[in-house]
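Per-chain numbering from 1; labels A, B and C assigned in written order.
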Amino acid sequence: MLTIDRYLRPETLEEAYEAAQKKNSVILGGMMWLRLGNRRIGTAIDLSALGLDKVEETDDAYRIGAYATLRELETHTGLNELTDFALRGALSPIVGVQFRNLATVGGSVFGRYGFSDIITLFLALNASVELYKGGVMPLSEFCRAGMLKSKERDILTCIHIPKENTVVSYKAQRNQKTDFPVLNVCAALNGGRLSVAVGARPLRASVCLFDIAQDNESETIAERTAGSLIFASNKRASEEYRQHLCRVIVRRAVDEVFAKSADGGIRSGKPNPEVI
Amino acid sequence: MEITLTLNNKKITADVPPDTILLDFLRERGCPSVKCGCETSSCGLCTVLLDEKPVLSCSVLAVRTDGRSVTTLEGLQDEAAEFVGFIADQGAEQCGFCNPGYVMNTIALLRENPDPSDDEVRAYLAGNLCRCSGYEGQTRGIRAFLDARRAGKL
Amino acid sequence: MNRELKSVGKGVRKKDAMQLLLGKPAYLDDITPRDCLVVKVLRSPHAHAVISGINTEFAKKVPGIAAVYTWEDVPQKRFTMAGQTYPEPSPYDRLILDRRLRFVGDAVAIVAGEDERAVNRALRLIRVKYEILPPILDFRAALDNETLVHPEEDWHALCEVGADNKRNLCAKGEEQGGDISAVFADCDVVMERTFHTKAVHQAMMETFRTYTEIDHFGRLHVISSTQVVFHVRRILANALDIPKSKIHVEKPRIGGGFGAKQTVVAEVYPAFVTWKTGRAAKMIYTRKECQTAGSPRHEMEVTVKLGADRDGRIRALDVYTLSNTGAYGEHGPTTVGLSGGKSIPLYTGALEAYRFSYDVVYTNVQSSGAYRGYGATQGIFAVESTVSELAENLGVDPVAIRMKNMVREGQIMPAYQNEPASACTLDRCMLRCAESFGWDEKYPVRFTSDGKIRAAGVAMAMQGSGIAGVDVGSASVKLSEDGFYVLRIAAADMGTGCDTILAQMTAECMDCSVDDVAVFGADTDASPYDSGSYASATTYITGRAVEKACIELKEKICTLAAEMLDCPVSELIFEGRQVVRADGSASVSLADIAVKSMCGSDIALEATSSHSSPVSPPPFMAGMAEIELDPETGTVDILNYKAVVDCGTVINPNLARIQTEGGLVQAIGMALTENIQYDDRGRLSENSLLQYRIPTRLETGRLDVEFAPSYEESGPFGAKSIGEIVINTPAPAIAHAIYRATGHWYRELPILPEKIALDLLRDGKGGK
């Protein structure tokens, strides 16, 4: 049961920031998970008057406002072309259209949920987050920072996705088609650099970087990725299964990016026609 | 807190506590078609259109609809009546409790994509749970409607 | 009946379809006043505890709180919440509120207040001191455990079901036919396998809910989302310890039941509040309550011992079931019976001996109840899986082995109370299923270009049609002005369409259109007695009552017509819209007869009939699943599911098809995704639809349903039943297909991808 004493829709970020410093205040995202616990909120801060719902394209990046919904991203032509439609693949299994019309990208990223599909994808794409006070920092750093109380009070305003010539593959394993993922993987190949992000372990996603001049065997990459990450058990899957899945799915994702890559001659990876 | 919104094409003003969820607000305001099936944003029964987009009304604070438009099945009877007879012809309404949310999301689908394939229908409606019908009858009903419309039989 | 059927056999729209599809108010919370007390229950955080102290003073002081009740306030007479015919086989082991708490979620206190906010505040302010006791969470350890779930002296069982609360035993029994030991000793092959199915949930979209008020006669008026209005009346009278004459129960439209609403899960709480306070009250279960304090399927461990010849002739079946009834015994003694009673008779063909024995035990998890299939689902999963394994081990085609052993029309079924298979096309179902599914092409294991495995599995099933010698169905048919009929029933349409099906039968009998029949029900004051809608009874039992009532009504109509035409009744013919003299010399319209009955007439144009059946003719079906399995991730996708059903005459092909499809998909969920996991303190993790994963429309595969109707002489128009049987084949057929793809038999449900992937990894087949 959620109780809220006050609702505030600030006109400026500064006003929102000040309100956010108060005890028991919460910045609202899509409110998809907020209602799940028993929670008493003093001030609920709605950022919808701040124009944070836009996706803007610059010369070298996409700036995704924190209030853009998952559905807007899923259907965004530019972002999907940039990601070989991996973005759509990552988002479309999340519950349903009505859910994704509410869930905000800021809420998803700021919550730094272990099961997040979009964090895994964005990590592999070398994304950055922009905080009102904290400025721009790499998403990987933001995720590592954990739930520091001082950081909690800052406001995530947008996400930057660099426009790089990247080949992307996103894959997730679910016990049921619209359930939380048991493991998710995004492989992104940019020139000689391969980023492999693995999330839902069920720990927060982490990235492993490979230089494909040295590592160009998908199985080795998968093995090393699985070996370097920590996995755990929860009600959906065991540590052992996740570790196994990591090898399988990373290998498949890497095979796919190698196959799709313009530089495909590097590795005769088996193309995987599966579309998630 | 006082809010003004357009509910089923009528402007209304209401005083609501900040933690009232839209689902409860709508049921109190004469829109009993909006159903609650879970507390976890999982079932799709409470689907309404918020600024023309389908959303889960269980996950929206009523205060967040201030200045916006909300449409429930009560406000879309004619648009629904165009196709729901095809569902009835399959017997796929069954207990009917999930029907309003499912019909609302189908309306949203058909506005966005007037001639979807069966797989597009399934993908768009994946968030609408139904425990009675096994879903296939619902899909057949929509297919029959689309086929009839394409054949100019409506 | 030789004439062509006009209404029966037609896929007419459900009479309520358009109203429901357009979202019109129809359900409990739509049609009952908002202005009433909100009732909620404080629930135990412990699996087993005794309340040593409870302080409600702070809670009662919350503004808007009308009442807070604890175990000290309720009648101390035990009852059962199971919606069954009296005397109920389920033991009387409940109080409305008990000092002993037997599962996480058991009721500690009832709070009623003006609004939800006040009630929630009050719930938080109740101070309870718990004396925590060791819980029994493993049902295999329950029997004769030193911890007793029901140590109380006033626990009692009305029926002889082998129950003994001092042994944690809710029921025990054994039956056999033939010399089982001798036949096993003579068999070429004897297999013994053990299966485990969990307490899966009905997950109907509308949760449990009840509204109660005191009416203008001072009676307790109950509106409830229930399948069993008459049982609700009796159970509330028992629980509140008040006369049944003081209670009136009715149901509105029901948002799904599947058996869940055959148990009086929510009714006692608002009823008690209203009876004590005199004020209207409403209780709406949250989904979490539905999942944690509902009435799910009985968890069962079923051991099948099968004896056969080398050529696949099945000669002996020995089934032992351990069933977990949970904290209370609702439906415990009865569900277990179907695990053997609806599985062993499938193999009547060559069976020389059988034994079926069982224990039903109490544990400290939520009480189980009735869920579509009612024990048959669990038993059929076990027996069908064992038979498929036998076929695979012997190298016999699994379809052929079933054709060799299955029950055939006309055979006496010793393991089914010696009832005959009076109408049975199981053989046709199986052959047609194999043909249409393409068994010969799909049964061989195939590999896709991307490394996935395609395979197929098969299963067959039976159920019953009502409870033989117990269930009573009634119908009352009345002629009204203009010549339309009102059909009054107490069978409960929970979305299944029985209002429409019974109207189709009425229309057929009275030679009118379905639109000329208005249906009313269910209401304990106004409807004729009916046990309620469960046990696949309504079409078969109540349908027959409709036929009988119509015959009687026609006689009355003709009697009045004879008065009007001044001729002997024997000269009259009922022709639907009119009654005519056989020689054609005179006629009177039905409308005129109706008008006449309302002016100076002493003949009531209304007839009520009841029906009960000494037999329960089984419907039969065959099901085949084609899956695609990813050997590395363990993911199983259903590609196709083919079902051919013998439900006797199909009264409404559309509704029968949807019943089948819906049952298949529920069972696909049970087989693959719907998990139940309790932690070591007895807390259920799948306590929401977020965690408890019922199928979406993305995992059903393509469903293909056909009928192979037999004609059951004892049923209305030759009908049997369809509601439950349809949930029984997917689990064994899918498990069989998974075996084909992997070489592993999975004997516990759900079969999650992890189990498959890790097994194949250990085999060296999964990882590369």
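Definition applied: a residue touches a chain if its C-beta (ideal position, glycine included) is under 8 Å from a C-beta of that chain, and two chains touch if they have at least 3 such contacts.
Keep in mind the model is a prediction, meaning the values are calculated, not measured.
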With a step meaning a move to a chain it touches, how many steps does the shortest path from chain B to chain C take?
1
Report back the single chain whose CA centre is most distant from the CA centre of chain C.
A
Report the inter-centroid distance (CA atoms only) between chain A and chain B in whole Å.
29
Distance between the centres, which are taken as Cα means, of chain C and chain A, whole angstrom
43
Among all residues of chain A, which ones touch two or more of the remaining chains?
36, 177-178
Which positions in chain B are in touch with at least two other chains?
39-42, 123, 125-128
If I count partner chains per residue in chain C, which residues reach a count of at least 2?
690, 696, 698
Under the touch definition given earlier, write down the residues of chain B that touch chain C in their complex.
27-28, 32-33, 35, 37-43, 45, 72-74, 77, 80-81, 84-85, 87-100, 103, 122-123, 125-139
Of all residues in chain C, those that touch chain A in their complex:
120, 449-450, 632-633, 635, 672-673, 675, 677, 685-686, 690-691, 693, 695-696, 698-699, 752-754, 757-758, 761, 766-768
Flag every residue of chain A that touches chain C in the complex, lowest number first.
1, 36, 173, 175-179, 182, 219, 235, 237-238, 240-241, 244-245, 247-249, 251, 272-274
Given the complex with chain B, which residues does chain A contribute to the contact?
2-7, 9, 28, 30-33, 35-36, 41, 44, 46, 48, 71, 92, 95-99, 101-102, 177-178
Note which residues of chain C are touching chain B in the complex, please.
11, 13-14, 16-27, 29-30, 34, 202-207, 253-258, 286-288, 494-497, 652, 654-655, 657-658, 660-666, 688-690, 694, 696-698, 700, 702-703
